[in-house]
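Letters A, B, C and D mark the chains in the order given here, with residues in each chain numbered from 1 onward.
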Amino acid sequence: MPDKVGIRGAGKRRFIDELPFCRAMNMVLEEVGEGTAVVSMPWNDRLVGDPVTGVAHGGAVSSLLDTCGGVAVLSHPAKPSTTATLNFRIDYMRPATPGQTITAHATCFHLTRTVAFVRTLATDEDKANPVATATGAFVVQA
Amino acid sequence: MPDKVGIRGAGKRRFIDELPFCRAMNMVLEEVGEGTAVVSMPWNDRLVGDPVTGVAHGGAVSSLLDTCGGVAVLSHPAKPSTTATLNFRIDYMRPATPGQTITAHATCFHLTRTVAFVRTLATDEDKANPVATATGAFVVQA
Amino acid sequence: MPDKVGIRGAGKRRFIDELPFCRAMNMVLEEVGEGTAVVSMPWNDRLVGDPVTGVAHGGAVSSLLDTCGGVAVLSHPAKPSTTATLNFRIDYMRPATPGQTITAHATCFHLTRTVAFVRTLATDEDKANPVATATGAFVVQA
Amino acid sequence: MPDKVGIRGAGKRRFIDELPFCRAMNMVLEEVGEGTAVVSMPWNDRLVGDPVTGVAHGGAVSSLLDTCGGVAVLSHPAKPSTTATLNFRIDYMRPATPGQTITAHATCFHLTRTVAFVRTLATDEDKANPVATATGAFVVQA
């Protein structure tokens, strides 16, 4: 599985910039807590998945939530050294409003010796009406 | 939900090029059948999700599979006019080998009046060992 | 899809007793709110899925959460008349402690014209350490 | 996680009978291959999840598929000693026809050192139109 959020010593705030895919999508690490993270993705036209409505591609939202989930895992007090997404389920509630920043919030709510469980939420500027939620299982290494 | 694969009359082979997000990821529609599709994503460094291993970001693989799933739905004999991903679960089996094209295969194996069910598979050049599989439910409109 | 929680006029508190499968599993509807529900399942030996550890079968926990999710959908202020599980993802965090009542909490956190989104949690008597969480999409009819 | 399908030396054909939950649901292990399994569940009225239509509860179908998936994992040539469901996603395509035996087919299509990936399918007597499909990740121990 792609060890896509391995930090390997790099500071959390730095590492998203070190991931070309995340950089290409303009992801910005906003906050890191104890097993929690907030990553934002300012609007840019490359995110568009529907040329008619101008709505962002679901894959862009999913990538943001997956990345944010990985940061949440790595920020868990148990301090796993690396992690990788094992599986991920995303539910789309509504299209993100074109032109608005999409923000992901993730919480690593349980961690075993080999697997971390993560819950994530994506919103645009209308914080009261989520755009998507996702649940993921991540493999971790001590 | 993002109506990210609405074709609205555009030819299937054309429409991926019309989606900025898919174009930015270099997705190429290879085949369209009766409820099936093949979409490839030639390697490019922007896909990298791990700067150390050079492995593609899981979100890139997920975006490819989701897009391919949408094409499969739209190519179903029942001819839905538009579709959007309702939810999607992806399982990652192994990292895609850096430098290789990733190819998605999708089948819309069941369709109701409002929901389409899709099964997808991603491989790199080692076709015998899948990189990821995903199952999705898509909302459809007649 | 099995319209397994259709109430069709029956009082919510009554209807679980009217479902042979839920009755066989001793499910008890504890609370119903505005899009929320609590359903408990007192321990009984028929729930055992591992003869060595005496731990409940995951399917029993899943059935409880799915049922609770359906009640949450039907109790939503939008008052759907019937619902059925479209798909469901459950994550198991730890085995439920043998002999203890398992309790499910469900919230229908979003509802569209055709689909309801539900989040559920299962605990045993150790409320601080969830046994499982699940996310489901349910089809609804007005 | 409930180690609900640990065999611990018992013959595969025997072990379902040793699981009270499976026995209560009349599950019958029909076939075991190299990472594949078939488990059937003859109709009985306790499976009913909708008193009006008489349709089986989705949880019964899910429990059957989950159990069948566990057998498929344990029958993999790598011979894991025990397994437990980590997470499971089921999609319901249509209600199983009341009165008919429901049969689950499972394949463990990938196995890592710690996780097994399983694909399952449920049918009633109309084999051409699946009732449900499910994908699961199982933790395994050598």
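Note that in this section a residue touches a chain if its C-beta (ideal position, glycine included) is under 8 Å from a C-beta of that chain, and two chains touch if they have at least 3 such contacts.
Predicted, not measured: the structure shown is a model, and the values here were computed from it.
Considering only mean CA positions as chain centres, point out the chain farthest from chain D.
Relative to chain D, the chain whose C-alpha centre sits farthest away is A.
Could you compare the number of C-beta pairs in contact for B-C with that for C-D and name the larger?
Output for the comparison: C-D.
So how far apart, in whole Å, are chain B and chain C when each is placed at the average of its C-alpha atoms?
The separation of the two C-alpha centroids amounts to 32 Å.
Could you put a whole-Å number on the gap between the CA centroids of chain B and chain D?
Result: the chain centres lie 28 Å from each other.
Between chain C and chain D, what's the gap in Å when you average each chain's C-alpha atoms?
A distance of 20 Å separates the two centres.
Residues of chain D that contact two or more other chains, please.
Counting only residues that touch two or more other chains, chain D contributes 86-87, 89, 91, 93, 137.
Per the contact definition, I'd like the list of chain D residues that touch chain A in the complex.
86-87, 89, 114-115, 137, 139
Using the touch definition up top, name the residues of chain C that touch chain D in the complex.
It comes out as residues 1-6, 8, 18-22, 24, 45-53, 55-64, 66-67, 84-96.
Which bits of chain B are touching chain D when the two form their complex?
Per the stated touch rule, the residues are 89, 91, 93, 109-110, 112, 117, 119, 130, 133, 135, 137.
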